[in-house]
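In the two complexes that follow, chain A is the common piece, with chain B as its partner first and chain C second.
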Partner chain A sequence: MSSATLPAKMPPRWGHRIDDDRRVDFVGYLFVAFFSVPFFLFNILPVFFGIYVGFTRWSIIGSPRWVGLDNFTQAFNDRWVWVGFENVLLYGLLIVPSVTVLGLVFALFVNRGYPLSGLARALFFAPNVVSATVIGLVWVWLLDTQYGLVNHYFSFFGVGAIPWLTSTQWSLVGVSIASVWWDLGLAFVLFLAALQDIPSDLTEAALVDGAGPWARLRFIILPHLRPVLSMVVTLQLISTLRIFSQVYVMTNGGPGVSSQSPIYYVYQVAIVRNLFGYASAIAMLLFIGILMLTLLQRFILSERA
Partner chain B sequence: MKITSDLSKQLLRGVNRREFLAGTSAAAFAASTPFIAARPALAAGPVEIVHWSWLAASDGEVWAKMIDAFNDAHKDKGVKIRMELVPEEQYITKVLAAAATGKAPDFGWGTAGKGAGMARDEVTVPLDDLAKKADLDLSDFSDASLKASRYPKYDNKLFMIPMDLMSLQPEINLDIAKEAGLDPTNPPQDGRMLLDWAMAMTKREGGKVTRSGIMMTGAGVQTTVTWGIIAAQMGFRRASDDLKTACVNPEAGKQAMQWVLDLFDKHKVSTRDVTDRYKAFGTGQGGIFWTGPWTLNGYIGQKLNFQTSLFPKVGSTLRTYSEMGGLELYAQADKGRLDATMQAVKWLSDNSFLWTTVGRGASPRKSILGRPDYKTAGAPWAVRGAFVDGMAFATEGEIPVVAGPDFTIYSGGNFLAKTLDGVWAGQTTIDQAMEQIQQQWQRGLDEG
Partner chain C sequence: MNFLPNRLRNWLDERRMTAIDLPIWLIGMAVAFAWFAPFVWMVSTSLKYPSDVMTQDIEWLPHRVTLNNYIKVFDYPIVRWGLNSIIQAVTSTALSVLFGAMAGYALARLRFPGRDALFAIFLASLMIPTEVSIIPMLLGVIKLGWASSYQALILPTIGNVFSVYIFRQFFLSFPKEIEEAARVDGAGPLRLFFLIALPLARAPAIAATVILFTLNWNNFLWPLLVTFDESMKTLPVGIAAFTPVVGTHTQLEGFSVAMAAVTILSVPSLLLFFFLQRYFIQGISQGSLKQ
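Our next item is the complex of A and B:
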């Protein structure tokens, strides 16, 4: 290779010179524009417009009418907004620990390199690449009270037909089962990647010192997984608080409002009742709730880490 | 790809990367905005009337035939209808959005009484003058159908051309009736007889209902509409005639809630475990199922042995659920399109014999109902007749106010259904539910 000296500063090859030292690389801006313009139009702008609409009464037609904090006052007094928040916390209690624990267990299993672990890796991750709508439709069939496979297999153990999706007592559980199955893949992959990053000399040293599987898990594996654990719990928490597709497909928020999530209620208020201002106000309250919970959860986990 | 054409070589010769990118960007922009190129071409073709419909399954199939028939009849007349399917639950929002951008469809399918908001916002167009101009004979329509097409709170103008009338009537599984020793020529006519039939048709295993005498679901539309019909029969009114007071005679509404609960818990003739009521009745898991004429084609197709009868008088007055489908016109920047659209709607109404014999519901047109072949065309009268004759007492339609969707009794997910579901599940008391309904509905009426 030639050792010829390079100029101190290479000019951009396709740039427009605006003075001696600065060049504007239009091609670069063009590439950025392909993403940033739609991002601004369809993400940033709607966010600010949504905030504005939250302070108005508006049904798409005509101009939004400013009503100040009326929508927020109404939302605080709306029983079904609170039911939605209660439900989503219950969803969180059911889904987040299940996905985290099962994702870790499956990752530990595959990481051991048992026969067929390659196939298991594909199988565990597969549900995550299917859309939530498809997952919902499949589980509607599986959980049907009369002809569903789940109840069919339960009946072998003398368990009577459980109305997973049609009773107020079980509907949250029914939707959560489908959600766990769907979300598991991502947690599994993240844990697996983190497990493969743990230096093998640490576990080998532990083995030499006579540490058993439980001791290795507790003192070596889990401490190394903390950052990923924090990420998985955070992602899962946000995903659960925004749960919509499964609720929409599987129960329509019912029976009654027993499985209704806040986002589903926002959808109902906006799209079914055409109260866009009110729906925006509820969405903003949900955003604030998610933000606070996420910050709290990250604070707790990072403190421990 | 190897470039062989001299022209291509010429075009690409000397094009630097910046020019190439600029060219491809322009091409991409043009490709992403096809209307720029498409507009002149569209203008050069025949007049195209855009129609939005949410009718699906066998309904949609027959309606598509109606549109095809119009297009065939107008092949050489420079006009055609382009039909687009829009999901029912998003229909109104999409029409509003399209109207807000000045691109509303010319006409669409609506349910009478549910479009008060669109009438208020001047998205739907008043039709009295347009119908007159198009020579559509409004005197040929039943008074009830015209009344249902008007919004008293919005100058009582006509906002819909009625296309079909539907009611909920019982369908009876004849195999189950025969097995239970019942006489199908004398179906239930009152509440007592209905329960006797239901008892005889119900199958239980260890106290658990495995076949419902009366097909019901644990929540959703079937229980809500049943409550609505029975409550009306018992004297409950969702709104006073002047649309000022909600929940007239709430005690009757509460009695009706108890009547529905008793089907599950006291008489044990229904089970909450049914999820898909249509499928359950079709597979013999129910003896009596009150539903609408939209089920006929499916059950006839699967050779179910059934007949229909008139809804029994459970309360003091005979009433049942009523729904009217029709066509509504949406505001256009080019007012001339409204006349052309009304001409198309007139043709569809004048030629709605197929739709109201094979499609669904009874005809709102006196001339069609009076045709000698009206009873012999389409599905057999034994299954279709109750849906036509029963319109005489099908009075429980929509409440024509902006908050109308909160009032409808044929819904599994609106405010009413979700409130009542709490009662069926034992989470809400009957009194609490009625109080909530009263408050919300009163707010709805006050809104206009």
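Our next item is the complex of A and C:
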């Protein structure tokens, strides 16, 4: 056997070199299938099924009855739907700016790299990793009118006991406080990652030029953070639109409907009143709002890129 | 800076801090500890006698300690809920990490028609909030007769795009030579993936596992909706009923028992987080920043 008949390397068994442009790995379909089947079955199919359900009257026992646009016209005339959207607007006004500003301030602090800043980072992020049940119950206890820690420390400033969760004026504020504590972690981490991306020669050059901390914040840090800032604001807006678990655990939407949120109302319509069609229609309206916000955010981000 | 004592000044210099940095540092650290204080208060309350809880004086360290609240928690089916939570979180996480790794590998390294369109669909689906599909999904699950079952708790949580994404990112920058060499040695795609690629993908695997595990462990809305049976509840759903407030919740026990319950619930997530912080924080910022 002469050496000329043997190729320098044995050809790979599946017939092509790895960087051959014409190869087709049909086994790829098998690899993707394990993920795709549950994904399409449980993430995508229900969305389309939900559109259909939104046009029907349907309860757990019984079969669907097509009602056309009835659910949607009913939703527009439903006072509680509007209450939900009004409340979510207030939640947004309270939660989004607080999370953004506090998250940025905490990230700026940790980014200075002081001693123990790793510990500070962990402490700021920790509430983000526990369940809504933990957040809810801990804050119900902290915000207790008579024995709560918050009112205890507030009383030093001569403020009377505030019924954070048990009065219609305050319940939404009480839930928002807990939500800010819970949600801050993500904003904080995103800001921190962006701050660490700022090239160090840029800040050093500014230092050599005698830029003070304010000038550095104004002319280097904030412009650099702009895309992340818009991302944090929209992500937080979306998660505020979806606010449910903490409302459920802390106040049950009450007292009255004072801390009710749209998803909480969807839950009530579906589970308590057993109107699955109507609940789907309301969820669909909410989805349109969330989708518009997401697209707006994508648009802003791509403008900057 | 002359007003500072020498030793303090040296200490600051060693850390490249100036006199202005000192108060900023002290205040910042105080805020960080205050941010964590609710957890300390939670544990402290859980160790108090119920009669010491509802008082005006604040005791960060209880003057007498009891484990009674933790024992009382077991009057409720908390062992069963815990078991459900473990089964649900472990199975969901294991399946979504494995399937995510396979899909991520295929999307990054294998070539087949429709690959990029599929990935685009995966990414676009991130814009759909779960709340939209949750009511129709519940209806479907009930009609299938799956209410209060493990398959209903587990199956809908498997298709998590985050895990595909994080593995795809990793395998995109995976050196070609390793695969090339293995192929030359005659390894088929399955062996290549399971024996070579997957064992090298430790970092994304750990990140995906810890993040998805906490996500599944803490999942609230779906288990709340789908478990009608008390014995099929998960920990977060079961313990949520411990809220001792006005409203429609039943007044079960006092705050001390409620705090013992949430301490049990939060310890796994908090421990996992403190030990694997790096993976958490990198994974989360990667997952949401670089889409």
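Definition applied: the second predicted complex is superposed on the first by the 262 of 305 C-alpha atoms of A that agree within 3 Å, B and C clash if a C-alpha of one lies under 4 Å from a C-alpha of the other, contacts with A are read in each partner's own complex, and residues count from 1 in each chain.
Basically, a residue touches a chain if its C-beta (ideal position, glycine included) is under 8 Å from a C-beta of that chain, and two chains touch if they have at least 3 such contacts.
Source: prediction; values computed, not measured.
Within the superposed three-chain model, A:60 lies in touch with chain B and with chain C [touch as defined at top]. Once the two complexes are overlaid on the shared chain, A:145 sits against chain B while remaining clear of chain C. Residue contacts after overlaying the shared chain place A:72 against neither chain B nor chain C. In the superposed model, A:154 makes contact with neither chain B nor chain C. When the two structures are aligned on the shared chain, A:167 is found in touch with chain B, with no touch to chain C.
Once the two complexes are laid over each other on the shared chain, residue contacts for A:272 go to chain B alone; chain C is not touched. Looking at the shared chain after the overlay, A:257 reaches chain B, while chain C stays out of its contact range.
Among chain B and chain C, the chain that touches a larger number of residues in chain A is C.
Where the contact sets of chain A with chain B and with chain C meet, they give residues 14, 26-27, 60, 144, 146, 165-166, 252, 254-255, 270-271. Those residues of chain A lying in contact with chain B across their complex are 14, 26-27, 30, 59-62, 80, 144-146, 161, 163, 165-169, 252-258, 260, 268, 270-274. Chain C meets chain A in the complex at residues 15, 17, 21, 24-25, 28-29, 31-33, 35-36, 38-39, 41-42, 45, 53-56, 58, 98-100, 102-103, 105-107, 110-113, 115, 118, 121-122, 125, 127-129, 131-140, 142, 155-156, 158-159, 161, 164, 176, 179-180, 183-184, 186-190, 193, 214, 217-218, 220-221, 224-225, 235-237, 239-240, 242-249, 255, 258-259, 261-262, 265-266, 269-270, 272-274, 277, 280-281, 284-285, 288-289. Within the complex formed with chain C, the chain A residues making contact are 9-10, 12-14, 17-19, 23-29, 31-32, 34-36, 38-44, 46-47, 49-50, 52-53, 58, 60, 106, 109, 112, 114-116, 119-127, 129-134, 136-142, 144, 146-147, 149, 152, 165-166, 181, 186, 189-190, 192-194, 228, 231, 235, 238, 242, 244-245, 248-252, 254-255, 263, 266-267, 270-271, 276, 279-280, 283-284, 286-287, 290-291, 294-295. Considering their complex, residues 16-18, 21, 25, 89-90, 92-93, 96-97, 99-100, 117, 121-123, 217-220, 272-276, 280, 285, 405-406, 412-414, 417-419, 421-422, 424-425, 427-428 of chain B touch chain A.
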